[in-house]
Amino acid sequence: MNNSFGSLFRITTFGESHGAALGVIVDGVPAGIHIDPQFIQQELDRRKPGQSAVSTQRKEADCGEILSGVFQGVSTGTPIAILLRNGDHHSADYSNVAELFRPGHADYTFQKKYDIRDYRGGGRSSGRETAARVAAGAIAKLFLKENGISIKACTSQIGKIKAVPPPYNWENVEQNIVRSADMDAAEKMALAIKEAQAKKDSIGGAIYGEISGLPVGLGEPVFDKLDALLAHAFMSIGGVKGIEIGDGFEVAEKLGSENNDQMNVNGFLTNHAGGILGGMSNGNTVTFRLAVKPTPSIASVQKSVNIRGEEVDVEITGRHDPCLVPRIVPIAEAMAALVIADLLLRNRASKK
Amino acid sequence: MNNSFGSLFRITTFGESHGAALGVIVDGVPAGIHIDPQFIQQELDRRKPGQSAVSTQRKEADCGEILSGVFQGVSTGTPIAILLRNGDHHSADYSNVAELFRPGHADYTFQKKYDIRDYRGGGRSSGRETAARVAAGAIAKLFLKENGISIKACTSQIGKIKAVPPPYNWENVEQNIVRSADMDAAEKMALAIKEAQAKKDSIGGAIYGEISGLPVGLGEPVFDKLDALLAHAFMSIGGVKGIEIGDGFEVAEKLGSENNDQMNVNGFLTNHAGGILGGMSNGNTVTFRLAVKPTPSIASVQKSVNIRGEEVDVEITGRHDPCLVPRIVPIAEAMAALVIADLLLRNRASKK
Amino acid sequence: MNNSFGSLFRITTFGESHGAALGVIVDGVPAGIHIDPQFIQQELDRRKPGQSAVSTQRKEADCGEILSGVFQGVSTGTPIAILLRNGDHHSADYSNVAELFRPGHADYTFQKKYDIRDYRGGGRSSGRETAARVAAGAIAKLFLKENGISIKACTSQIGKIKAVPPPYNWENVEQNIVRSADMDAAEKMALAIKEAQAKKDSIGGAIYGEISGLPVGLGEPVFDKLDALLAHAFMSIGGVKGIEIGDGFEVAEKLGSENNDQMNVNGFLTNHAGGILGGMSNGNTVTFRLAVKPTPSIASVQKSVNIRGEEVDVEITGRHDPCLVPRIVPIAEAMAALVIADLLLRNRASKK
Amino acid sequence: MNNSFGSLFRITTFGESHGAALGVIVDGVPAGIHIDPQFIQQELDRRKPGQSAVSTQRKEADCGEILSGVFQGVSTGTPIAILLRNGDHHSADYSNVAELFRPGHADYTFQKKYDIRDYRGGGRSSGRETAARVAAGAIAKLFLKENGISIKACTSQIGKIKAVPPPYNWENVEQNIVRSADMDAAEKMALAIKEAQAKKDSIGGAIYGEISGLPVGLGEPVFDKLDALLAHAFMSIGGVKGIEIGDGFEVAEKLGSENNDQMNVNGFLTNHAGGILGGMSNGNTVTFRLAVKPTPSIASVQKSVNIRGEEVDVEITGRHDPCLVPRIVPIAEAMAALVIADLLLRNRASKK
């Protein structure tokens, strides 16, 4: 319940940052999908720490081992489990935070909810938890690829630096360390991150993404609308504080005549709706935008309290990403892929 | 699956705009809650059409009849069903749209998904569907009230008119026809709606809301985070295109030192996080903001296609809300109440 | 959760025996199924009280009203709600049991679980609850019929009277008041019921059923095996105390060489397995047998305690079925239909 | 969906007999439960092959490694994953069955459902799958133990040899190789198994079990009745073909006056109901009985067809249990424990 996502294409994840391992069971993968372990590893590598000058210098191998559900290179219809052993344990880095509640972190809420928490590296609330999502998302992407569907995301903003608006040359994204599709903005974004880091601080940003190749009618009309499930999926990523579909908050200022996407025989004339009408895909590209908060772990002094209710000064001295955005890009793609894979299967039950 | 929402406190709704009735089964209401039918009716009245000069002139009685689950004024632990008979059938208003796809509506996607649709008044995709949510939300609110939790929302923006920022005098909200907490802005907002309507057009807006009285630790840490479930709930309301928690998209421009909520012995010094840390309530007020698109039904001429793929001109001549925002306010509250009621019950299983 | 059954083809029921109404929402019915209200009513009539000399003389109209989800005679893919108004309220019949726990009934357990119960006619634990299941099962049967699948059940035993073993002439079943496929046994069964009733007592029995026309591979291999879901469904019917699939308890005495169903090019040579291998249908007829306890409501004196813990003598004087079996026959069919309809939809997701 | 069981205390399993590993994620374990790895291993050892002269001589270490969810010996509220690496791969033992459908096995149904199957050792349909259930069940038992609830099962019948009826000295069960509570019958049962094996055959049997220490009111009144969930759980174990609660099929022959459990101030005078009334525990011991078919893998010649539809003769020559019953005893306990743990948590939501 708590650690599962999806209905028919359903994942269940486990694992703490500094426990033995983390992993995922992907249940409901239809039989007959070609499962490419190299692609899964590539996706894990996009998320892993230590990739560049603007990400944490922590090194984690993040090798995904497929334990089940694949036979002769193909999915068998049984659950696919993927294991990610934890290595590089610097528990010592965290011993100083065992008894205190780091500002902006889940330490306080975990402690109050469960009366116990695995404080090593954030435990279950560590960003490391998302590695399991990316592994599962890679399997979803393989399924979607066989259905002609692709999902792409990129960094659209870091601090005050914004990328030019879409359309984008998506091949740029992996050509710069911040994962922007705008190569000029990318340089400035990288600079902004380094400046924040130099000041013992961190910086926020935004992500833009597109889902293309969807059939018309994906999504369930009332509660499990396509956009509702995407919002659930994205908002479940730590650090995401805002979500927009299509024109998002701009619609608040618009008139109906400006916002409606009219049609002719070739389809929709505009795409203000971001590809979704009444909670179902309308055949246009689905577009979304996510707000990502600055990393809460910063090296400058902050006020907090400890587990005994005493006031303390906190300096987070471990190796942390000064900006979460570039690493959240593949996680957002993974979550979107899981939503679409699930709805694609659910859609098979819509007609007699 | 499709028409249910929630896990332990779980609703299932049914009903088309012009069918015999719509309604809801609220399952998982704990035994012993005082169920006040008048409060349920008040909530339904807040949502019903024909309330004011800025809402549709369609009259619907929206009388909720409790069919089960209440004995001697108290919930018994069995499912509470509420029935809302449809009246005021002006099917003729819709006969002209039976074969065409109205811009901004779900006509096209419904037809493609199911190969059939009940076109009368939008059928299942009518905003009327939300009456069932409001009835269920009223029961959730009664449960929350006994737990000291309250949920309030208001109109924060119509077109370019924005209310002053919070804190608000919440008693203002029901004192003006647009449901703004800012009485001065309310007048201008009403004017903006009337202007749009006069131009055979409609207008968008935004909603701001607060959830207060939450215990610390509500929400499930990974996929069913409090904010993720709220995002799911809000985005499942037709017309909502954007969601923010706490500072929302503003975090993209901020530094960690600006965004982290530091603590002292009295609690958090700020509330940028909007009351949620690691997906769990932190004891602060939960704050959210929603973007609502302009009503897609407008009387001016629009281009579209019909069910046979031919291009047509469309003029929507029925009685429609020129702005959805004031009526979505109680719906947003209802959805938030359902999320909180569910998490409150789920939280009972967190410790031994 | 509590009052829902099924995964994709999913029902949610509500209603107490002496409340305003009971009913069901059938969610997940694929669009395009012809919905025949007369068939639904026929099925309800098979379950309703007052049908014959061996059932209760209580009269309940049990008219099912379809409230949603059907347009122009066809399912639209939206939830189908069916309402059954309660009539014939003789609450006075039950006032004497308001404070005591009737032996064999759920009075005691309901009171302890919820601290409150609607004691009128058994409230939610009344057999009347199953009317909603039968209405939903009728819709499932209509879906299954379009897929060439049929479900039949009959009374195979009343007290010590047993019907001859299958194969049966199924047309006999509705030709006698006990619903046996063996016309000779039927007479003796009816006599046994009348004898029990004359002694202010009641009597138990057994049901045999068959599901035919299934494709190979229905059922999910591990936890949601076809037989596991059937067992869940049947055991959820009040009064059922035992379930057998295929040879059932006879397998305990058998050798593997006797029990295995060998194959040749024409299929299986025997059907000891009752049509299920590894939890999946194997193309043979699925066979099941259910044990049904004697009606707990009997007119003779029994010892019990009341709500204050005092010992009392109980005589149940209302109008009750002296034997539940004939009326459970259509309920068992309905539950089987719901299981198969659900698995049929789930099976659509098994291959790429 | 397919490979998960439970609602709040929920397990998800994975793994094929001859893949890299199998395992389980136990989600919803409340924080604060003492997790004893030795107890988990003991339970796994009770299920493992190669224990005695009457079980398969295959050796499997079945070492359970806890990967997450436990910190300082205590559950943290996060998912507990347990990994069981596969060893002792004699894939060669199975190569001869790769293309044929073994009688009584899931080979045929798997192939038809998915168009592909991992035929090595039965793949996902191997009894080995149940090791994950036993590991999860051990965690459930640790939770139940802290709530004063215990679950015991034993072999009550092998072929024509039946144990004396309960009450039992439960300490006998692990003192004989067939796991009977009746030491005299145990010897004869062991002999019956050896005789079957000597004839290249296998033999069926039955299991009896008790759940004691339950509070009154466990179970959800309509579809998720305690007995319905137990039936689901037990019938999901490969080889189980019949289930009885309390007096089971004996009720078919009884009168209401014989079957009702009357009460006085000390509680129920009898326990025909097997501790369950209206689907909820009544405070008495819950009793159940399961029919287990003879092992389908037998060494004598059987007729079957292969994957190309050709008729073949089959001799199953691997190392197989001549009787499944003794090894299913701990599996049945595990499944019962999972049901009870789940209902115990769900019950927390029943009152305000």
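Labels for the chains are A, B, C and D, by order of writing; each one numbers its residues from 1.
Operating definition for what follows: a residue touches a chain if its C-beta (ideal position, glycine included) is under 8 Å from a C-beta of that chain, and two chains touch if they have at least 3 such contacts.
Computed from a predicted model, the values in this text were never measured in an experiment.
Minimum number of contact steps separating subunit B from subunit D: 1. Because subunit B and subunit C carry the same sequence, their contact can be compared by residue number, and over half of the numbers here are used by both.
The chain pair with the larger count of C-beta pairs in contact, out of A-C and A-D, is A-D. Taking each chain's centre as the average of its CA atoms, subunit C and subunit D sit 26 Å apart.
Centre-to-centre spacing of subunit A and subunit D amounts to 39 Å, using the average Cα coordinate of each chain. For the pair subunit A and subunit C, the distance between C-alpha centroids works out to 46 Å.
Within subunit A, the positions touching two or more other chains are listed as 1-4, 7-8, 13, 28, 31-32, 77-78, 113-115, 124, 221, 346, 350-351.
Across the interface of their complex, subunit C is touched by residues 1-4, 7-8, 10, 12-16, 19-23, 25, 27-28, 31-32, 65-69, 71-72, 74, 76-81, 83, 113-118, 123-124 of subunit B. The residues of subunit B lying in touch with subunit D in their complex are 8-9, 28, 30-33, 75, 77-78, 143, 146, 221, 345-346, 348-352.
Taken together, the subunit D residues at the contact with subunit C in this complex read 1-5, 7, 13, 101, 103-106, 108-110, 112-115, 124-125, 129, 157-160, 196, 199, 201-206, 216-217, 219-225, 227-236, 238, 241-265, 269, 273-274, 277-282, 291-298, 300, 302-305, 309-311, 346-347, 350-351.
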